[in-house]
Every structure is written in C-alpha cells, then in structure tokens.
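Paired with chain B in one complex and with chain C in the other, chain A is shared by the two complexes that follow.
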Partner chain A sequence: MEIEESRQLTIDGEVCQVPAGTTLREACLQVGKEIPALCWHERLTPANTCRACVVELEGSRTLVSSCSRMVEDGMVVHTDTPRVLHARKGVAELLLSTMMDDVNAPELQKLAQATEADPAHFRVGETLVQPIRDDNDLYVRDYSQCILCYRCVAVCGEDAQNTFAIHVAGRGLQAHIDTGFDRSLPDSDCVFCGNCVQVCPTGALIGKTEWSLRQENEWDEKKIQVTETTCSYCGVGCSLDLHVLNGRIVKVTSPYNHPVTQGMLCVKGRYGYEYVQADVAHLQGS
Partner chain B sequence: MVGSNAAEAHPIIFQHILRGVHQGAKLVVVDPRATLTAKRAHEHYALEIGSDIALFNSLAHVIIRDKLQNQSFIERATTGFAALQAEVTQWPPERAAAITGIDASRIEHLAHAYASAKRAMICWTLGITEHHNAVDNVFALINLALLRGNVGRPGAGLNPLRGQNNVQGGGDMGALPNRLPGFQDLTDAAVRNRFELAWGVPLSPKPGWNQTQMFEAMADGRLKGLYVIGENPLESEANSHHIERIFDKLDALVVQDLFLTPTAERADVVFPAAASFAESEGTYTNSERRVQLVRSALTPPGEARDDVWIVQALARAMGHPWIDKSAEEVFAEVRELAPNFRGITYARLAMAQGLQWPVPHKDHPGTAVLHTRLWQDPVDPRVPFMPVDFSPPVERPTVDYPLLLTTGRRLAFYNTGVQSNVYAHPHNQGEQVEVALADAERLELTEGMWVRVTSRRGWITGPVHISASLPPGVVFLSFHFPDQVRTNVLSIDATDPRAGTAEFKAAAVRVEKWSPSQEA
Partner chain C sequence: MSPQHRVPQRLLPDPKIVAQSGPISPQRLQLRGLDQALRRAWGMTVTRMIQEVQASGILGRGGAAFPASVKWQSVRDADAAGKLKYGVMNADESEPGTFKDRVLLETDPLLPLTGLAIAARGVGADKVYVYLRGEYRHLLLPIQRAWEVVEGTVPEAVIPLEVRLGGGAYIAGEETALFNSIEGKRPEPRLKPPFPTVKGLFSQPTLIHNVETLANIALAFRDGAGPFRKYGSASTPGTKLVSISGRVNRPGVYEVPFGIPLTEIIEGEDTAQGMQNGQRLQAVLLGGAAGTFLTSLEVAEAAYDYPALRRFGASIGSGALVVFGETDSLPEVAQTLANFFAEESCGQCVPCRIGTVRIKEMLEQFSLSERQVDLRDLAQTMRDASICGLGQSATTALMSLLDRPVLWSKNVDRGKGAV
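Right, the complex of A and B next:
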C-alpha cells in the first residue's frame, strides 16, 4: 500500500490537513465552507472558465480558481473577503447579462442570490444573439441560455463520449458552441447520446420533449416522478432514472454515482424509450 | 478487443475502455472492418473473416517460441501445455499470414506486445461467437490468456461483452437446456435433488434442447408446439426462409411479446407482455455479472401483464396449484436454491447499486474478479489448455457468390428494430447495403444505387452505401430494419455443434444492380 501524503493549509484562519491531490474547493468543503461553482462538474475535468469558485490565496497576485488548484503545503486561503465576494458578484452579473432568462439555471440562480447580483447591471451591453436551434427530434439547443461553461465540450470529448462533435468557436463576444461550420446536428458528428444535455447547467441544451412541454406550459417539475431502473438494450446494464409526467416518460437521466454509467448513457438508453408509450396507430404502421 | 464493435454495440463499456486508454493503456482491435472502435485503437488488425484461430494460434506460437509464456503460472494452474505446444508449433506467423491477410511481422509484433503487458484483458463479442466454430474461437483466446497468466487478476481476464440486457440473467436463472438456476448442473443428482425437494416434482436428468436443436426438431416433426417469450426468431434467426418453413410445421405456437411482431402474427395465442424495464419489477444481470433491479414506472397498456404473472397464470391454467408470487418472492426462492445468489436481496441491490455474483452470504460484497483461486494454493481443479485447429467459414467466395456478407449492429438501433425503430432518431434512414470501395468500382455502383444481394438461401434488395470501413470482398448489413431489408434471408444457419450459434458473420453472396421496377 502506498502511504497517503497529506498537505497542511489554512482556510479562513483554520488550520487543516488534507490528502495530497485535493483541490482547494474540496479542502474548503471539508472544513464546511461551500464554494460556489458553475462550470465545474463532479464527472468532468475542470475547465476554469466561469470563475465563480475563486478564492484569495496569500502570495498570489490574482484570485485563484479553487475547483482546479491543488492544495500545496502552507497555503493560506480566504474564501469570503470583499475582493472574493465582489469578483463572484461580477461573474454572476456578467453571465446574467447574456442570458435571456435563468429559470432553467438553478446553479446560476443560487450564485446570483448568494452574491446579491443585479441581473440588469450589464444588460446595456452588446450580446451575441443566436436563434434557437431546433433541428432534430431528440434535443434542442437554445444558446441564448449558454454560459460557455465547456461542460458539453468536455463530456462530448475525452471525459466521456469521445465523439468530439462540438467545440467553442469564435473569440470574445463571438465565442459560441459550434458543431463545426455551424452544421445542423444531424449533419454533424453528433451521435445524439445526450450526455451534453445531461450536464448542461442552464437548459441551453434541453430534451425536445421537455422543451416542447415547457413551450406549452405543461412541464411541471413537482408532478414528475423519478423511478430508477435498468436499461433494456445491450448487456452493459446502465442505470436509468425514468422521469414520468402524467403517465409518460418525458426524460431519462442516469445517476453520476452509478458504477456502470457514472451518469453517462448512449442514445438508445437516453432516447430509445418511446416504444413503451408509442400509440397503437404508429405501431400498426411500422 | 476481438470481433467487437463496442463503440457502437456497447457504448458505455467503451467509455470505460477509452478512459483506460487516456491513462496510458494500449488498445488493439482485431476486426475485419475498420469500425468506429478500430478507429479509436492504437493498432487495428483487419483479418480475413473467420481466420481468427489462425491468428490466435500463431500468437501462441510466437509466445512459446520466444519463451515469453508465464511458465510458473502454467505449471501451478494449468494442464495440457504440451498438447497446446504441439498444436501451435504448426502455426508459424508465415502460415497464419497467408490465411489472415496480416503480415507475419505484425503477428510477431502483436504477440510480443501481448506478452510484454503486465496485465492484459481480451474482450470479444459476436465476431468471435457467431461462427460455426464459435467455441473453438473462444478456446483459442482462453489459451492465450492462460499462457500469460492473464486470468483471475484485476485488469486482466477474458471478457465476453454481453449483447442483450439480460442474456446473462437468463442463463443465471436456468434458461439453458442443461442448467438449473445459478448455473447448477442438471445432470448432478445432488443438485437435482435439492430442486426436487423444493419444487415437489421429479426433474428429468436429461438436458433439454437448445434453440438450434429445437429448430432441427421442428424441421423433422419431433417438436410440434413452441412457446416464444420476448423473441422474434422469424427476423432474428439465420436463414429466414427456412425458419418460416419450420414454423409452418408447428401445431401450436404461443408468443409472449410487447408487440405483434412477425413471429407473433403467426401465433395461435399471443400473450401481451409488459415492458420489463419500465412496467414490471425484477432484476437483470449485466455483462459483469452485476445483478440490478428493474422497477415499474408506468402502468402497462390494455391487457398487457408482467411476464412473471403470465407464466404463473399459465401454470394454473394447466392444472398446477401455483400461488401468485411477486418477482421478489421468486428471487427469494432463487436465493435458497442457488449458492451464487444466496447473499443477494432486493434491499441490498437497492443500497449497493447492484451486486456482482457470486454473493455467497448476506455480508459478502460481491465478486468483481472471477477465477482468483488460480493464484491461491492449492489450485484444484487446474484449468486445461484446449488446443484447437483452424477451420474456415463454411461458405467461401465462389464465382457465383464472390463476396462475403458479415452482419452487425449500428449505434442507434438494436436487433430486429422492435424497440429501436419507434423513437425518432435523426439518422434513421433504414438499412443500407455496405459495399467496399473496390467492389463498388468493379460493379459500377454509386452511392444510393439500388442493388440485389443474393445468397444460396434467398435474396434482398436495398440501397448501396460505399463504405471506407470495409476491406475488398466484404459486404455489411445490420438486421435492424427487417420491414425494409430482411437481412437474415441471406445468412447461413451453419451452427457450432456445441453452442448452437449460427455463422451470422460469414455468408457468401453476390451483389448486382437492381431496379425497383424489377420487383414486380
């Protein structure tokens, strides 16, 4: 057995020990300090894009992102100085300034409330207007809700799916998620696993069924019942959470802590459930 | 990975494999096609269809010739090394190269790469088992793993990736002609006796028939009644026209399914069944022997009922006083009778997100790695090497049938399409006859052109897709769209005598231009 090395650091005046390889954010959580984060996701490599998780590190000129910075011996960290709180508030206000609404972005809402952000603060500025991309029957892309967290890019790439169908294109204000030459999804390399939809924190990527029901004001989170079961397709045994609304499956996700899926599904597991609720006329036609 | 397109057929397992690759593992794919899986590999060995044993025996030849075998493991845990050595001595790389189409130097390289790995796993799928010599193919792979002691250790092993949600669980529960629940041997009197006591009926010690044997019995009139549960053999079995003829000979056909499939359409009685994963309670066992819960989220439509309910109601209708048991109550009986499942309860399955059998008692955590006993003393029994000889596919290309058809899956679809043709996938464009570039040029075919594919058993028509992933001489079809293309009209029902698996991976065919107007 390897002997686990430990690191000592000071968080808001409290001295603590953590194993080597712990991030600052994890270390803060261990002493009861919850640091907000938007782009960070338990299943993905940190992208360091949102800056919501910044903390003040003594000796460092800039604030550091706690989700990716590893603890080193002797670090002295402050999590709630005016400088830190001001930076986080700025992050929230800038992100809110580009979003048309935040109803489907609970993590951002939470950050805005915690930092007392003013959503209108930067609304006077220019923003990249993008049409809703509704080009297939499985999921819709509404990039007016996108905060460029890179989660979809990471999950489509090496962190899970290894399809590499999307990336961030353009710079500055023009930065946006692109399928390569702005092709439609069916014409792109996308295989419709929907893992990007599962990790999207804002509803910029949303299942077509959920999107349509929301359009018709029929999506009611409180009425949805979730049942954990196992996929009926291949022999991998993926755990499925079936989200059922009014007697119909309207969404399928998978728990991140499941040993088989770690939250990820293929297109059949995530979208191939319609056969249990197809209407008879459709089946007779097939 | 041998004969496995996991990137399309087992996408989530392939994510785990690629995570290993990103952390430094080396991935080698052996497959006639340049599949999506092969494209992600460090090395791809595009062997001739059905030449697997020539390759594996030659790899064993190089390992033994260069003294790279794990001699201490062989001496402690195996028998029959001399016999293996005698067989593979006849397989120098030059001989295998002529059969597999893989350069001798690459065979040497692969043998050295496998032998130099501290841990190496071999995964396979139907590219190995859908052959007339399926069992020999698997033995040849087992020989390789035993030579290097790549069994019974984490990160090593032999891993057949299961193709269906509960094909493992079906076997677990005794849906095999010679097994009782928990893979217990029907011919063992002590085993049988425990089941007879529990069930209160005598059990025949004679193993039943596997599916292939049933079909043979249907053909010659020894089997007159068939009860088909959740399967669509009219479209999924090899040589469909022959299957139609033998189904016509039945006196009684009962089909239990979610839908009125072409098989169900022929039935005398249809039992409408609930969809197991969303409308019933129970368990599946996955490819890594993980027993997992399925739970009901929806009410089944109309008269559809849970499979467990139907089987019990049928037993009562036949005069047996079965009391109505839930799936969990049936599982409790399995725990009593099958030692591998003794420690599994529904409560534990819910807590632990599934348990990998064997789970011999209620505090046992489950078994992630099998065969660890081979590294403990004493090793009893030892594992035998099983020397096997090469035998080519039953059908070879001829003047009349110059191409080889091989079949497989596509990512977004599944088997005969009963489930996967219902949802609105953007790439659901139906079946395409995949033809290699060189063959398309020779036959003057262009993309989308309609062709007829003919084997000795029948013919189908469909649009051509010129595929860069195929070697010359190979045609590829899935069988996901039987309403449009009945692929299995073409496939050959030459089967492995021990496993009963048909050679779906190799049927001789010819491809010709076809105009839809000719159909009339």
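Right, the complex of A and C next:
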C-alpha cells in the first residue's frame, strides 16, 4: 500500500499540512479560503485558462493558477494581496468587455461583484456578440456568452464522452468553439449527449426547452422541483434528476457524485423524456 | 568594433572556410573542427559532458538565458526507467526583428546539428526533432542532409532525426506549445511546472535548445570550456549573434562578444556601420517585439550583457536590435507591436486573449497619455496572470515606451496613434 505523503505550506500566514498531489486551490479551501474560478469544474481536468484563481506564490515571478498548481513543501502563498485582487478584477473586466450586460453567467457575475469590476472598463472595441445558433431540437448555442473555459471541449473529449466533436479553432479573440469547419450540429460529429450543456458555466450552451421558456419569461428556478430517478432505457442504471416545472420535465441532469454517471449522460437519458409527457389521448387515436 | 571587442567569427564560419567548402560537406565539418568536437564528446562520460557545459557557462540563446547545464542535468536525472527521452532544436525563429538562426542554418547547419548530436548524447536522448519555422522550409532538406554528414562522422551517434515544419504561429516557438504542435495538437502553451526536462515532448523528459545555443555547445566541445570563455564577459561567456535592422547603413546578422557597448554594434565598421543618411538615433528596441525601448542616451551608456542591461529594465532577448531614427514615430511602432500580439495570441487564457486586443484598440483610438492609466492597469493583469511568456511580455515594449516620455511626448501633432 502506498503511504500517503504530506506537504507543508503556508497560506496567508497559516501553516497547514495537506496530502501530496493536492492542488493549491484545494489546500486553500481546507484552511477556509475560497478561491474563485470560472473554468475549473469538479468533474474535469483543470484547463487553467480563466486565470481567476491566481494566487501569489513567494519566489514566483508571476501569479500562479491555484486550480492546477500542485502543493510543494515550503510554499508560501498569499490569496488576497493587491496583485491577486487586481488580476482577478482584470479577468472579470476583460470577460465582461466581450459580452452584453444581460448574460446568464452566475459565476462570472459573482466574480465581478466580489472584485468590484467595472464591466465598461475595457469595452473599447470588438465584442463576441453574435447571432444565436439554433440548429437542432435539443440545445442552443449562444456564443455571445462564451468565456472559452474549455469545459465543453474537455467533456466532449477525454474527460467523459470521447466523441471529440468540438474543439477550439482560431486564435486570439477569434478563438472559438468549433464543430469542425463550422458545420451545424446535426452535420457535425455531435452525439447530443448534452454533457457540454451540463458543464457550461454560462448561457452559451443551453437546453432548447430551457432556452425557449427563458425567451418567454416562463423559466422560474424557484418553481422547479427536482425528482430523482433511474434512467429506464438500458441496464447501466444512470441516476437522473428530473427538473420539473409546472408539471412538465424541462431539463434532465445527473449528480456528479453518482458512482455510475459521475454527472454524465447519453442522449437518451438527457433528452429522451418526451414520452413521459406525450399526449396519450392523441397516441391512442381517440 | 574596437580592437578590444573584435572577435574572430566562431558561430559564423570564417570566409576562408566558406570559400573552401560547401556548407553541408564533410570538408566543412573538418575545417570547422566539428569532427573534433564530436570525438571529444564521444570520448567523455556523460557526467564529464555535463561538467563541460557547466564550465563553459552557456546561457540559452532563445531569450530566457537559462543555464544550459541545468537543463542537461535535469533531463539526465529525470526518472526515465523504460522511458524515451527527446532532444529538440527550436528553429521556429519568429520574434520580430530576429533572423540569426536563419543565417546560421543557411550558412553553416553543421554547427548547430553537431551541437544537437552532442546534446542528445549528453542527456541520453533516443530521438531528436528539429522544429523548423514554416517560412524556412528551404532549410528542411539541408538540415536532413547535414544530419547525415554528422552521422557519417560518428556512426555510433546515429539516432533518428525528424524535421517538423511550423504552420506560421508565433506561439509555436514557446517550448511547450512547440511540443503540442509536434504532437499534432493546437500549439497552446502548457502549464509549467512540470518543466520540459521532466515532462516534455510526448510527456517524456525533453531537452529543448535554441539553434544558437546548440551552436555554442558544439563550439564549447570543440575548443574546451576554457578557450570557449575567452570571449564574452565573466557572467555571460561567449559570443552572441545579433540581428540588426532599422535605420542603420548595414542591417544584418553580426557576431559580437557579450559586454560590448551597444554603440559599437550600431556604429562599428564591421557591424551596422552607423545610422542611415546621418540621421540621429532616437531609440533601439532591444530583444524583439517583447523587448524594451532604450533611448539614445541609454544606448550610449549600455553594454550588451544581462547584468548591464538590467539597470535599464532591458534584456538581450532573442538578440534583436531594431534601430529607430529621430523621424520615426514610436507610438506607431507600439501600435504595430500591439497588432502583432493581438494577431499571435493563441487565445487560451483570458488576460492575453482579450488583453492583447484591448491594448491594440486603445492604441488605435487614444493617445498614449489619454489612456496611460488603463494601459498600465491592463498590462499588469497580463504580466501577472497570463499563462505563458507571450501574454506576460506582450506589453513590455509598450510599458518601456510609457516609462520614457522623451520618446513620445514630443509627437504631439501626429494625430491618432501619436500623442
């Protein structure tokens, strides 16, 4: 059996001991310091791209991303120096400068509030505002709200689905999520598992049902009831959370801590629920 | 150059040798003494080889000036039971104003490739790659043929060499982005640590050196560490290839010893031969697009060495010197540099992806003084929080300009782009 090694480091003056292989961000959490992050996701390999989670590491020329930097013995870390706060605020202001104010991006908005970011600070030119892509019945892509966190790419690839239907293309501010030659989703390699929709931190990827209801101002988080069940399609036994609004299923997710799914579903589990609420009278042809 | 700083050409072949031999011939290898370098290396234990590199004090010539021997030791030490190790020559020379690797590979490819063969032995590499800038594709065959000449000299040195062509992205010159490119992925920089010496190409321990660094390694093994250190300064032994462009009479690539006064490089009869049309020098952009502007007064005082330049917040970088005359508008130059970085950012991290574009836009729309506070504010975020050197240094030249108002505050009447 492998003996668990530990590492000793200092976070904001507090000496702490954590197992080797812990990230700085986890270590900070263990001493009660919550570090913001936009691209990080519990289920995915850290992409380390949003840079909201940076902390100051003594001896390092630049700030370091705490989501992916592993602890080392003797590290001295500061989580709330002026430099750190300035960088976090800068990240929020830069992201907000590419989008409209009415975005559905709770984590980004939280970061902006916490850092007192001014959304207009760097709005001096090009934005990512563009038409919505509504090319299938299951989900809608609104890249005006994309923060390029790479979560959808990771989940479609090696972190879960292994379909590799999407990747980042283009560079600089033209970098964007691409289906391969900008094909429509039905023409692409997408298998419509919707796992990208599940992990998207903004409204960039959103279920068609939710999107339609939001368009009509009928989406009300407070009225949604969640029912746990097991998927009825095959023998795997995926756990489903049915999100029910006004007596109708409007979204299906799966808990990340479920041993079978780890939050991920296939197209049937995610979107194959309409039969539950089909018009039975119509089916019977009466 | 003054007699004190005159050096025999070492990195660049002597004109007599050029006249007597083709650049990829066994004769050239012998005339350059590279057969001796290879034999010396193969006569040493690897421990002794690393000691030789350490004694020679070679610092990386790609821009970061990292001690070569530290990399060698780290790759050597990397736990590689049953693992492959790689050697890589970074020939993706893309820094604006930098063209010395091209000259080196065109005139004398055997020198850096000898260095690559020696380095591969020093760290126990199983295969070597040359990552060649796409625009240098005319060098692909010469490099392959030069490798055959090296192999012909030390048959026991034979390991596979593969040349990969870049696709035109500046970022692919960043070592970890370069690995991704060789692996067939998007050239996005990886998070460090882990460093390439531990987890590099195909996740294996990898030694990666710039072309000129490997050329120096070949020389150090040919001459021995002592004679190698005869030129240059105590802290930075050896000579440096500088690429001079801009308003000088004779732009080009010249070999100079570290520690030489900057003025001598610009004015020297055997180097750039002074300013064009008797113009007055306004500034030098030192180190490329991610470099530092020095005023004419600073140029007059500065010596070409790391410790001496640190006083001005400058560095040698890739060895580029872009010389500007008094009629050049440096705010316009800053705008050109900003366009370059906005174009070349890979788009992976927020500070660089969006920051480079915002810098570009602010320079297009406002004068330097109007948005100075915002420019500095954004530059700090980019410097502190970007993943790689591109984003961290994309504003270095701009900040050096802002710190030297003498270079832009007089351009009041030039309208947009100027002040």
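Everything below uses one rule, namely that the second predicted complex is superposed on the first by the 274 of 286 C-alpha atoms of A that agree within 3 Å, B and C clash if a C-alpha of one lies under 4 Å from a C-alpha of the other, contacts with A are read in each partner's own complex, and residues count from 1 in each chain.
By definition in this document, a residue touches a chain if its C-beta (ideal position, glycine included) is under 8 Å from a C-beta of that chain, and two chains touch if they have at least 3 such contacts.
All values derive from a computational prediction rather than experimental measurement.
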{"item": "Combined model on chain A: chain C and chain B, fit or clash", "value": "fit"}
{"item": "Which superposed partner A:V191 touches (first chain B, second chain C, both, neither)", "value": "first"}
{"item": "Contacts of A:N48 with chain B and chain C, given as first, second, both or neither", "value": "second"}
{"item": "Contacts of A:F164 with chain B and chain C, given as first, second, both or neither", "value": "neither"}
{"item": "Contacts of A:V276 with chain B and chain C, given as first, second, both or neither", "value": "first"}
{"item": "Touching partner for A:H258 - first (chain B), second (chain C), both, neither", "value": "first"}
{"item": "Chain A residues touched - chain C or chain B, whichever exceeds", "value": "B"}
{"item": "Touching partner for A:L173 - first (chain B), second (chain C), both, neither", "value": "second"}
{"item": "Which superposed partner A:K268 touches (first chain B, second chain C, both, neither)", "value": "first"}
{"item": "Distance in angstrom between the closest Cα atoms of chain C and chain B, superposition on A", "value": "14"}
{"item": "Chain B/chain C common contact set on chain A", "value": "none"}
{"item": "Residues of chain A touching chain C in the complex", "value": "48-52, 54, 62-63, 65, 68-69, 83, 86-87, 89-91, 94-95, 97-98, 121-122, 124-126, 147-148, 167-168, 170-175"}
{"item": "Chain A partner contacts - residues on chain B that touch it in the complex", "value": "9-15, 18, 22, 40, 161-168, 258-260, 275-279, 284-288, 290, 292-299, 353-354, 411-414, 418-427, 483"}
{"item": "Chain A-touching residues of chain C, taken from the complex the two chains share", "value": "169, 171, 186, 191, 193, 342-351, 353-358, 361-362, 364-365, 374, 377-378, 380-387, 392"}
{"item": "Chain B contact footprint on chain A (complex, rising order)", "value": "136-138, 158, 160-162, 185-186, 191-193, 225, 227-240, 242, 244, 247-249, 255, 257-261, 264-269, 271-278, 282-283, 286"}
